[in-house]
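The following pair of complexes shares a single chain, subunit A, combined with subunit B in the former and subunit C in the latter.
Right after this comes the complex of A and B.
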């Protein structure tokens, strides 16, 4: 019975196709040796642990400041790597498929174009997930090792100075809080969601772009301009209180309506500084990221559906 | 499609704005970078900071600040810490360190090593300490729930080497007591904070009754609060409240022995730099010296206590 139903109408057909295309895209990207950057991250994470960078701190802290440095370096590198990978990998996919003629093979079959785009995006997201997971594990391991060293040194120092029990416990609790833990995973999740949004934007650009380079450059520009989206939105909402011209206000409105608000994902800094992102707030951030991803993927489909291939 | 994208953009404004407010309310989003900060960190760092990596830029600037510290370029160091704390306003370490560099390191440099003429040296010393205090107070405004910043301010305001650079001693001790009180209000504050509040309060003229009530409350809480300073102050404050008190007998009772009482009171008597009140201490010392058989010629009361820190002398005026 199912044999007579068009492939696109079959129950679960979309999902299976998207998963198949996604797995293929992931394999394709893995073969391009994009994971080699992980070696660079490993060097960075390990170096941030073992290089004793100059810090202004008293002997009683026993090197605790380095924990913040490790988090800062690691999450910073994760943000940069994930955004660059999201843009570059997505920018590469469609041109590569055209060059290899894979695109014609796929679209010659009863594969809706939205399935193709969603599958390709899924491949990139899978790549981002695996990369971030590897970086997260490495960061957590380095942080765990260093936290154990610092805790040991602080215990020895406190015993030598005869600190009271509550002072020792307070110091150790603070050091443990600066070490690895669930709050840090909230920041990693925010890094992933931001990179996922960037991948969907790169997908949209690549549907009308003429080259990989164009997609990459424009994608990275959008990333930086996206951090001003909230400012543009506020500018528009202030309603020309400071006597701004109509053209400037319209431009700010256009910017606010088209670009995503990347500042929302800057919670990473707060986590490095010791804040905890509540689960409900993290959930809202993930939903916000999901909205952007779906929106830009649908926009990509509208353009790609009209494209002559 | 463009219309659809704009419509979707208008739709998402309905949740983007509340989400931004929620994140700001939960202090998960940093305040906006002002133009001054953007100019100070330069174009590249601005781009990185705007890209959501403020703490990374702050880490780099902190390394640069360490170099400025070793080169003793205090003005540049202060500016760097202004920038660092603009980028990472909730990291206590930067507030503590920035204040410490100004109030302690720069001030000591101007006090001891500077090649400036005495008057300018003195002014630089005074300005550094005041700048260190102001920086710490700014840190507290940004992190009102951080007890360690309040305690750091209390510590600075009770430092006998810093008080002459600030306003009069009474104001300093009153402000320190208030700082320690705010620190003690935080649930994770350590026990020493309330004792420090007492130490500051006991030195504020006119608030000794308040200090006595606090000293009695702390003493009643148990042995962990029975530090030599607290016991001495309890004796002093009781003696002030009741001048007829037999301070020698009371001191022995508080310290649990003549020798312990004598050693602690001798130490308290010589802490003149810290401006602790000494009501009844001389009488107590005389009484215990008699019990211990210490001849009058060897009395601690015969040797002159150290003089308080005097900027006029230090700067050769």
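Right after this comes the complex of A and C.
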């Protein structure tokens, strides 16, 4: 009997299997030409350079306004692309594996279902990370170049108007603050965390959904509702003082417990306006995001473990 | 001395599927019990919808039995470690079309804990075994149905399993490919690997299986050694090469003299259409 264990073969650990499935999902999505949307982002980032914004302030503020516009367009596009990719890509993977029967061959190997789910999610997160990294590099390059141009124009303007040295330095410092920097990287990290939460929500939906379209639509609906989560929580904490009944309070509580609070990610808007997001705030955001990703992945496992394939 | 652990042990397996609220559940497998000893080639045959695939899925832990149990080499098939020693080829496998043949085998090998040089060697060995060495670098999107079936077999064998489960392994494969898969099954048996085969191609099952179970309406209606099931007890077959008319006449006379004996049929045995096809298209003899 062929009962020997071949050289090099030993039961791989959870991490090895998750990484293998994750790398495979990443390759699958990359070869489906998902990265082509990066070209669209490049066009948007460069186009935002040439926008003529209406002027409500003095000419000295025009440069910083252009830089804010570039950040706003770029981070907006990053949010849109990352959320759509997170939901659509995750919604696609499991139904496709079932339809193609590749799930049979994967789960017929010694692969626990949680490893399969975590691997698929990891693949999407890798895709999001690489996509956001590429977009971040492009945005930073465009901002860097434009900031240098704006600084030059402001120096010329100040010299022509005979501004005192302190005033010139103050203006230049304000412009530099609106340019690329660590707060901007924090905002990109927040975009990634939000997309990761959305991917884990799509993973959960896809474990009981019957189609990719259903998962995508419900996923985007959850994203929309998630922006009202904080309102629901506040309503509950206030104890229904407005006179609503216990049922309404319970519904608000359920909504607040099940759905992540996407208003936490409003720090991105603050960064666009030039604010510096404290590291502690960013840390709390990452922790909250991690909590939701783990929560939804475990919930996915709970359903998928019983799923008959 | 204790009995060796069977490769497969299914006990009183029942599987019901829910349909709608009002109607009774559909019973796909009904109190099925079977045992496959290590090293056997077991064929489970039956018409479409008889419960073959459901039985296989329950055995692989892809679905939970309504009642009863399935064990692989003594391990409960609902536990992940029962699949350490199992290779599975589903019916009409598609696999991930974006991967090449080599990448596909490497992916499944890694899932089974293979890595490094051992994995590289195993991939080369398997591609050679299934005759896809030249196509290993091509994406599966460009593979024919027969090639997909062969890469499917290769992935089933990647971790050198002791049990191989094949669901309709020659579905959609041409006679040459089908013969190749048949030879591979026989080679696996010679190496002591247990094969559990589901098919409704009866000729093929007859060619390779030691034991057969006939499934109908979710129940095993006949089971046993193939030779015992299909031999006709009161008849004897003698096939003679280059028998002249004189010899045939003498044998006929001899039979006529024996009390109770009679010739049921005589004439030239026919080859099979498959054998003729293989001899014509490949120039090789199609086997015994």
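We adopt the following convention: the second predicted complex is superposed on the first by the 286 of 309 C-alpha atoms of A that agree within 3 Å, B and C clash if a C-alpha of one lies under 4 Å from a C-alpha of the other, contacts with A are read in each partner's own complex, and residues count from 1 in each chain.
Note that in this section contacts are C-beta pairs under 8 Å (C-beta built on N, C-alpha and C of every residue); 3 or more make two chains touch, one makes a residue touch a chain.
A quick note: this is a predicted structure, and the numbers were derived from the prediction, not measured.
Novice: Thinking of the overlay built on chain A, is A:281 touched by subunit B (first), by subunit C (second), by both, or by neither?
Specialist: In the superposed model, A:281 contacts subunit B only, not subunit C.
Novice: When the two structures are overlaid on chain A, which partner does A:46 contact: first (subunit B), second (subunit C), both, or neither?
Specialist: neither
Novice: Per the contact definition in the header, classify A:17: touching subunit B only (first), subunit C only (second), both, or neither.
Specialist: second
Novice: Taking the superposition as given, does A:65 touch the first partner, subunit B, the second, subunit C, both, or neither?
Specialist: first
Novice: See if subunit A has more residues touched by subunit B or by subunit C, and give me that chain.
Specialist: B
Novice: If you stack the two complexes on chain A, which partner ends up touching A:111: first (subunit B), second (subunit C), both, or neither?
Specialist: A:111 contacts subunit C only, not subunit B.
Novice: After the superposition on A, what does A:130 contact: first (subunit B), second (subunit C), both or neither?
Specialist: neither
Novice: For subunit B, which residues count as touching subunit A in their complex?
Specialist: The contact residues of subunit B facing subunit A are 1, 4-6, 8-10, 12-13, 15-17, 19-20, 22-23, 26-30, 32, 47, 50-56, 58-59, 62-63, 65-67, 69-70, 88, 90-91, 93, 97, 100-101, 188, 190-192, 224.
Novice: Considering the complex alone, what residue numbers of subunit A touch subunit B?
Specialist: 53-57, 65, 68-69, 72-73, 75-76, 79-80, 83, 164, 166-167, 170, 194, 223-224, 227-228, 230-231, 233, 237, 254, 256-258, 261-270, 272-275, 277-278, 281, 284-285, 288, 291-292, 295, 298-299, 302-303
Novice: For subunit A, which residues are in contact with subunit C within the complex?
Specialist: 1-4, 6-12, 16-17, 20-21, 24, 27-28, 31-32, 100-102, 104-112, 306, 308-309
Novice: Mind listing the subunit C positions that touch subunit A in their complex?
Specialist: 38-39, 57, 60-64, 80-81, 83-84, 86-96, 98-99, 103, 107-108, 110-119, 122, 152, 155-156, 159-160, 162, 165, 191-193
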